[in-house]
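Down below are the structures I want you to see.
After this come two complexes, each holding chain A, first together with chain B and then together with chain C.
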Partner chain A sequence: MRFKTDLRNIRTFSRLVAALNSLEKIAWVRLDDETARFTVIPDTGSQVWASLSVNLIFDNYSIQSAEPSNTINLELPLGPLQRALRSAAGGNQASLRLTKRDGLPMLSMTIHAMTKDGGGPEPRGGRAASGFSGADPNDPFGDDPDIFQQESLELTLKREREKVITQDIPVRVLHPDTVETIMQPKVREPDVHIQLPPLLQLKAISDRFTKLALTTSSSSRPGGGPERNNPKLELSANMYGSLRLRVAAESLDITSVWNGLDNPELDPGALSMPVEEHPSTRFREEGPDKWATVRVDGKDWSRVLSVGRLDAGRVIACFSDDHALILYVYVPHHDDEASDDVVTYYVSSYSA
Partner chain B sequence: MGVLNFTLNEDGVAVMHDALMCMFKFSDDVCLEARKDKLTLTTLNVSKSAYVCFTFAAGRFFSRYRFDGNAQYRDRFSCQVYTRSLLSIFRPRQSSDSAGGRESTIERCDVIIEDGPGRKSRLIARISCRNGTTATHSLSFEAKAPTHAKFEKNEATNHWAISSRTLRQLMDHFGPSIELLDINTDDDTRVVNFTCFTEKAQKRGSNTNEAVLKKPLHTNIAVEMDEFDDVEVEDKLHIIISVKDFRAILQHAQLTSGELSTSYSIPGRPMKLSYNNDGVLCEFILMTVGEKDVMNQKHKNPRGSSAAAKAARPELDATSHRESSVANEKPSQQVDAGLMKPPARRPIQQRSPTRLRQPHFEIRPQPMPPPATARSDSLFVTQHDDEQQWEPLNPDEEEDEGDDDRLEWNSNNEPNPSTMRISSYVDRPAPPEPQSLDHLPSGMEPTQPLSDVRRFGLFSS
Partner chain C sequence: MDSSLHEVWQAASGRPFVPAIGKDNQFLFAFLLVVLGLGLSGAFALNRSLVNVPLLGVPASLALALGVVYMFYHVHHPPIFRAVASSTRPLYQLLKSIGFTNKVHVEITENGLRFAADHGRVMQGVAHWSKSLFTTYTANIPRSDDDDDDNEVLPSFQISLPALLETLQIFGATDAAARQAKADADPYRSNLRNYRPDAFSNQTLGMSGTCSLSYTQEGEPFSIVLEEAGVKTTCNLTTYMAEIPDDIPFDIEDISFKIITQARVLLDALGEIAPSQPDKLTLTASRREPFLRLSSAGALGSSSVDFARGKDLLETFTVRDTKWRQTFKFDIIKSASEAMRIASKVSLRGDRQGVLTGLSFLDFRFVPYAENDDEDDEDGDDGEGSEAL
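Then we have the complex of A and B:
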């Protein structure tokens, strides 16, 4: 079993890992010839299935496995991976390979990086380095600290060498049988599908609602499980471009509505049924007052929306009325390649 | 007129504050030692594994410096003060507006130390600010001789120097939970390796599936020897120090733009790090982890099983045994202030249990209870023969065993549900070993049926 690759788009990769890590600490990674799939399945909360084409985050990718269709399944802690990627982000070049250390499997990241030496002492309040003490920042004739920086930079650059940093992330190699039983959730055809407003906006308002509900509920209803106490947000959408976010607690009931959103056209070829029979057609026919509604956990929803850090292009939400909410987050490719990289969130929802 | 009078300018106050901040990371109090030509601040950490010494040159660092020896203190005066009180005196005072805020900053600071027969022992610091405010602080202190760690220069044949800022930046690559830094060289590839690792998780590891994934990031940084100055190190020598100490040093060292020099001999012997800055000499003496400690750890790692823990236990179970050996040692050691005597676990146990988690207390050879006032020039030096008898005492095991349960549920209150879930699938094909069954957290069983249920009705819980 071999796996070796260079890393590219480290920022995107790193942000994806950060988004997943906010939901769950350990991910299941499935690698094959074309795709790298990251899956997190928290005990409570939303599941994520992120399916990325290999060339989005990898370069010079090589995989070799005795398992069917050249697959490697790994269980991987996201925290250390994120940490390693942060270390790689400042480097010149990074690669990843599956290896063993002390008999334990490791995902080993090798990073080539420089340090930025030279320059004055770290900027810190209240003090210039003793030596050029009286320098007034506003004094045009005073010593310009930049000049010092450049000088010392030249001095040290001569000897500046590339450092090789190795970050070993502990992993477990999973047997195909063990992951066979983990299935992507199957959900019925959605009643409403709609493109979400900018996630930052949606998240800010959702978080605000959650906080408001928290402050009112904590005083009135102590006790009960922590999850149960989390405020629930009611999320609804129709086939006429509207999304409604509502929080209702004992002493408050707030609703925020977005209009003019896009309900993407369905591709008849990809459907298992004629478009006319699709549930969304029925919802459209019944007019703008026909809403598909789900209830989500405020805190979990906030973690889901943290995927916004990916600078995601489009996010399509699929509502199954009173049943399920699925988000498809399209990962942007920076080099204009046709992208079918999608992060799928199965948002856990609650009955009223 | 006091024993010691000195004046610091604005920068001097800041430098003094930086130095005290750094020392504060090692210990709560600091020893001042004044002579005619220099003022020395020293401190020793609780486990006596790290010693810090800042020397301020009288002529270069101070705007004014005057030592008046009296009958009692002819050529030097020393006392011990709480670092925290000094920190609050020398703290930077500045307005938030950095451009025009200089009025409220410190202009100068006059310090007088009064002591002697018939005099009250006091340290008086008068801070004069640019806006005309003057604040006077008066501290009491304990006149006592400082403890100095001794470092055998001749013996430390390995040495190198490198820009402290480069080193500081390298530390950024290390993860947050690591405890030990292994510095080693490879003559073939001409690199110096900085390897960070943690023993803890591996020890506790057993064979359970979660433990493997809970191990922190293992980081190695290879730096070409060409980047070092004055490098002369025995090939393949591994020298291990505490990351926490090293970080604290670099945090301060990066404020100076100079080079940091180190010298050391062999594992289990002290390592010295030093750098110079404008009239201030900063020296640190750190105890390195002994070779045998390392070997012990290494042997434990692959197995890491409870069987190994059990085998080790007989030697460390009896607290009384420990105590008596401490007691036996006392007469001979106290004279030497046995700085680096291995595990006298007692004093530390009495502290809060959280202390135990701190790495260097576990791995470092532990000291004798400090003979507070004894002058001890022979620190670090006398430990040849008795090292052996202390060696097998590895107090970690027992406590870790006790820790285990608590750690699973209390301090680490995220039992990592997904691992358990996924590993529940993993455990299915292979019959679980009885041993690992013992170690499975009891949360396992409820999780399994729940996960089964969830696979059917994911969206309605």
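Then we have the complex of A and C:
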């Protein structure tokens, strides 16, 4: 089993890992010839399935495995990976390799970085040894050769030196059979699909709403148990380009509405049923007052929205009324547009 | 003859308009009138004769006319209060300085909104949103129901203060988020310039959107509508029955001492004392040195700050008796520090008894601890922050 690759788009990769890490500490990674799939399934909260094409984040990718269709399944801690990527972001080049250290499998990241002004004492020492810096007896200022040491002008002076950093991330290699048991949740066809406004904007407002719900709940019912600490936001959308965020409590009722969003057209070829029978068609026919609503946990939702830092392109939300919310976050490709790198969030809905 | 019309006019202005039909029933009544009018005119059209003119035609037209008028009256009911602001930041800052309670008492006046927060009847903070903070401001103060005097009863209610504060912060949140995103993408910005306001931010350019506040009528929610960057946020804050906290009595005629100083100076003085976590703060004002002394004794020791070189620090300093000395709970004095932070000047006043009407934006009153001797005066400190100086 061999896996070795250089990293590219480290910033994007790092942000993705940060977004995943906010939901759960451990991720399952499945690597094969074409795609790298990251799966995060927390005990409570939203599940993430990130499927990235290999050439989005990897370069000079080589994988060799005895498993069918050349796959490697790893369980890796996201915290150390995020730290390693952060240090790699400051470097010039980084590579990732699966190795064994003391009999334990490791994902070893080698980072080549430049440090400023590496030539502190060392070149000077070398120069002094060459006898170049002897004190000039005619120089009136030359009584202390250690202070005013003369050096020749070197245009090719290397002020930067390369350093190599190795970050080891402990991993577990998983058996493919166990991985096959992890299944993407099955969700019925969505009632409403809509393109979300910029996620950071949505997050800013959602976070305020969560705080609002907290202030009102703590003021009206102090110490009401753990349920009180997890305020729920009501999120609705219709097939007429509107998204609505709402918190209703005893002391206030607040609603934010976005209008003029896009409800993407369905691709009939990708559907298992005729477009006319699709639930979204029914929702469209019933007019702008027909909303599909889910209730999400404020804190979990905020973590989900932190994926907005990925400079994501389009984000499509699929609402199954009163049931679930699925977010498809399309990761933009800098080189070629035609890619299907998508991070999928399964956000569960709570009952009222 | 000449004065009678004038008298009628005067009387009319003094007497409030009480609709014969209650507000809730207006629509039903109007609807019935319109239906009756239509029915009668229909009957008249079928059977046109001279007898039917007074019998059907005239009532039909009357019913129709009255019904339509009532219908209009019902639909077009002017809200008690409506105001639009282009920025919520000053509103938020003023309110935040009295943010020590859960419920705030709101009073709507012709000149602005008055927010009064009360803490266990020993501290009161009052903040004013002056009319000038808004781009448009209309208040239709309903006349009192009492026929005899023409005192206006100002509409008042209570709302949740933390909720209001959070709501005001939603305005601009998206702008801040966009700035943050930009800063992330640009390391130069994120390291060096993040604290600076962006010259091209929506807020600076004054196109950030609008914030409109309204209160239609008694019992209705106080609603805030924030519109910016394609998002429209509507917040309806439940209004609660007004429990008018009586002002802590403060006698402006009987002021024992009066000091006006830089807000910064007083804030620093409190900052010096705060680390020792004192329980009580003693304020001493005297004619001789030290002119003003803040002293405290806590578990970790005692400390005091003297304003000995009074002339430089204190703009106005008058003490009526030789000495004025009172002890307050430190924590409640500290609650006013947020107000001192945004104010440029503070005026401190101590009295013996009475009432004060504050005209400034912010007004705090504190009740001291009772002294051991029998002197249970109600003394107040009044910190005013005025921004236009």
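Methods note: the second predicted complex is superposed on the first by the 301 of 352 C-alpha atoms of A that agree within 3 Å, B and C clash if a C-alpha of one lies under 4 Å from a C-alpha of the other, contacts with A are read in each partner's own complex, and residues count from 1 in each chain.
What we mean here is this: contacts are C-beta pairs under 8 Å (C-beta built on N, C-alpha and C of every residue); 3 or more make two chains touch, one makes a residue touch a chain.
Treat the numbers as computed from the prediction; the structure is a model and nothing was measured.
Of the two partner chains, chain B is the only one touched by A:D43; chain C is not. Once chain A of one complex is fitted onto chain A of the other, the partner contacts of A:Q167 are limited to chain B, with no touch recorded for chain C. Set against each other, chain B and chain C differ in how many residues of chain A they touch, and the higher count belongs to B.
By the touch criterion defined above, A:E250 reaches chain C but does not reach chain B.
Interface residues of chain C facing chain A in the complex, by the touch rule stated above, are 102, 159-160, 162-163, 166-167, 169-170, 173-174, 176-178, 180-181, 184-185, 221, 229-238.
Against chain B, the residues of chain A that register as touching in their complex are 24-28, 40-44, 47, 75-77, 80, 83-84, 87, 101-104, 106, 111, 113, 115-122, 124-131, 133, 137-138, 152, 156, 159-172, 174-175, 177-179, 181-183, 185, 187, 320, 323-324, 346, 348-351. Residues of chain A that touch chain C in their complex: 197-198, 200-201, 203-205, 207-208, 211-212, 215-216, 219, 250-260, 308-309, 311. Chain B contributes residues 9-12, 14-15, 92, 94, 98-99, 105, 163, 165-166, 169-170, 172-173, 175-176, 191, 209, 212-224, 226-227, 254-257, 277-278, 301-302, 414, 416-419, 421-423, 425-426, 428-429, 447, 450-451, 455, 458-461 to its touches with chain A in the complex.
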